[in-house]
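Given below, in the form of structure tokens, are the structures.
Look at the two complexes coming up: chain A is in both, with chain B in one and chain C in the other.
Here is the complex of A and B:
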């Protein structure tokens, strides 16, 4: 008998999509809870999941921390989306310049090769001196972290475009501006989406780290860092869980919705 | 009765060290359907791209409507072998693209597009995306797209080359009436003798590289034509005879170059 099972109907699909993750995540949690309660593991280092979720719940409620959780999430998301938006716009423009113009290649290609290997966080000290402990610093970190993937994928998108697509548009009398908006942008979109998707992963990780170094009052990274000063283990675990959940939502739900509306509908897939 | 539409004089085209076309001269009149045929690699597609203005000519002149070609323009529409549709646009949006670019109001654009979509046999597929269509249907979209913005000249670059034989034969039969309806000057590059003889008023035969026009055959038969017709067969034999002599020449040249 073959070990590979083919999906037969909706029931199998639902089982794979919801029941399996529920078991693979839920079972260790239940085990952890039992071990913590029985005292088999260190309760300070490994507080019971029920306590962690209790702390998270309290941070959203009307307790002493009165809704502080919303502020942490709000600031982190604001920085992420601002940086990611900046990286998408500027990265697309730089990618197009590199892909389509000689001078763009001349100026940006060497810079790209030079700075790409630099870990994003290494920029933090300079940015802190330049902009201070401010949203600007963390937004800029996110921008740097996300833009390389955007640029590289846009270049790949341009390289994969057929020159005849431009010929068709020009033989209809298209202006440069029309070619930009009606041919280049939709033509590279599948690649751009891949770039933003990969970039958002890098950006999210860089953001949390940057918030530990360069945020003064809010942000999930800051929350974890601050909690570690007070040895508040439940808050640290709570922060980790929140980061994981938000990361999942950004990469799969948000980007997934964008893909469904564009590349999936058009039947264009980027091989990666 | 008819006006000279495309005039090519002593056209030559060089890519680096390779001379692709040498001294090609021809005149294509208004509303003529001209097929260009020749051995593969002879520069017939290049000649078409020169008329379209996609490539810059390196010698001689090409005039369309008595004006030298300096680049692509909406007076010349193109249909490629590989369709070159825009995957992010539906069939309707692909066909209206030319009018959209020329800022024709959306409603009028849709109305004009609908005529050619229906004539090309694409009715009911207006909202489909190209990825869901077969090769033959994609080519119908490309043809409707070129006809909708109403260029004076239609350039066809091996339009049936990417289709299987059955689809191809069906398309040729099906589209003969479309050309009559379009009533335009059409230049078609092809490597198929039967395609050329079935569709064209004139067949220009290109020689081996560096190529020039070695024969200009008028097909004096009424449209639509049938491949089974004996006079069509006679023309096919004549074109094939001239062409095989050229193919022999180019093959022996290639072999000599390889040796």
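Here is the complex of A and C:
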């Protein structure tokens, strides 16, 4: 029974996974192209997709722009990963301090409730004064945007840990360092990864806006903002498409793979 | 790890040992929230006055308060400026949020009820969802120029997708059986919509509204920095940068946080209490919804 229905399921699966998205995204693009070519819609505000992809292609090539696209993507990804890495390390430490120590809770809890409600990008002008234009400011914005989710999830992870695990480790004579790396970190890892995943979504949004406000040379946010000053619509649309694709890849492919591996190893899924 | 076991124990004991005197408990909770913050502000004040923190980057809370009252009460050109900024920001965020709710909720119900349409549209939606709303700003700047239209559209896009997504999830989470039950008892479409779909999807709907308003408010800051002409809290903060007027920046940051919190806890917290709690209670008596 199942042997007969299996290939059919596979066929439906490939149809849903590849054909549906292809048509769902392709059909509007084809329509748009036709409308733009026939002149039914404003060609300046809505340039044809072929022109947009042509511009993107030119930016990766060896023409005047000489692979400038790679630099934009590279800088954006570098800032995202640097900020995210910082948020993961510091957020985990702060979360553990809040979850396990009294003084940590005493110091960091009020700081959290003071800073969390502030929209991340509101810090940009102050960071600009403090650190100047470019990498430092944008990385710091990414760090702020991502760290709260990491901290909150680490705290939740610690609250859901079994105290007896500590007792076992202690009674077997584990040192503090061993408890940290062998008990706490594996114990909170599923939560930590959920936190990083959620944080990466916020971070990506914040990064693009921060690059518009505080970047001076490269970055996808900078690219589209600069293009708007020259009214270069094809570059803006090309940037938007790149940002959407990269955001999708980060959220679903990168973080999804990370999550899948932890779920496979630990057998837990953290719902938040 | 003595502390760990202690905290775990208090975590178990606290709910039962806490005396149940309604309003007073809320007051204690509020105190627990506010006292450490007040202490922190006091430390900050002392640190600035003692010269340990540079006042030209992190001004003392008293300086920020003084600047805020100056922006409201002073008799110069600044008179009432702060209120103008607040009003402009609130107006934009609320109009954007209202528009997104008006469009996203009916659309969400439609997509939730028509799984085939949803299947064909979901690839586009999942591509649009991680796209930051602020990224639309350059196109809108070219199309509309600076001003309210651009800002409101950006905030609308920021709020639209969370509301839409939550509505779809909420409608899809309503079980087919409960719809069949109502229909087999002779319920009309109206009954299904008002008595099954709406209450069933309400928790997701309200959390979507909450998320949408939060996104609208957070997107607003960036949009105002990029596209505001003369008013708005984001504009105020960004314009203050040119004069190195750090106190004004902190006035703006504090107000953005306070208003955001007031909306989240004051409006949506109360809404959640009065709807989800109520409906959830009734559905719990009748068994699983």
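Remarks
Methods note: the second predicted complex is superposed on the first by the 264 of 272 C-alpha atoms of A that agree within 3 Å, B and C clash if a C-alpha of one lies under 4 Å from a C-alpha of the other, contacts with A are read in each partner's own complex, and residues count from 1 in each chain.
We take it that a contact is a pair of C-beta atoms (placed from the backbone, for glycine too) under 8 Å apart; a residue touches a chain by one contact, two chains touch by 3 or more.
Please read all numbers here as calculations on a predicted model, not as lab measurements.
In the superposition on chain A, contact of A:182 is made with chain B only, not with chain C. Judged by the number of chain A residues each one touches, C leads among chain B and chain C. Within the superposed three-chain model, A:243 lies in touch with chain C and out of touch with chain B [touch as defined at top]. Once the two complexes are laid over each other on the shared chain, residue contacts for A:262 go to chain B alone; chain C is not touched.
When the two complexes are overlaid on their common chain A, residue A:101 makes contact with chain C while staying clear of chain B.
In the superposition on chain A, contact of A:112 is made with neither chain B nor chain C. In the superposition on chain A, A:128 makes contact with chain C only, not with chain B. Once the two complexes are overlaid on the shared chain, A:170 sits against chain B and chain C alike. When the two complexes are superposed on chain A, the residues of chain A that touch both chain B and chain C are 167, 170. In the complex of the two chains, the chain B residues touching chain A come out as 52-54, 71-74, 76-78, 80, 82, 84, 86-89, 97-98, 100-102, 129-132, 149, 151. The part of chain A that touches chain B in the complex is made up of residues 162, 164-165, 167-174, 178, 182-183, 186-187, 189, 262, 265-268. On the side of chain A, the complex with chain C involves touching residues 16, 20-21, 23-25, 28, 45, 99-102, 106, 109-111, 113-114, 117-126, 128-130, 158-159, 163, 166-167, 170, 179, 201, 204-206, 208-209, 212-213, 221, 224-225, 227-228, 231, 233, 236-237, 239-240, 243-245, 247-248, 250-252. Contact residues on chain C toward chain A in their complex (touch as defined above): 1, 3-5, 7-8, 11, 33, 36-37, 39-40, 57, 119-124, 126-128, 130-139, 141-143, 217-218, 220-222, 225-226, 234, 237-238, 240-241, 244, 246, 249-250, 252-253, 256-258, 260-261, 264.
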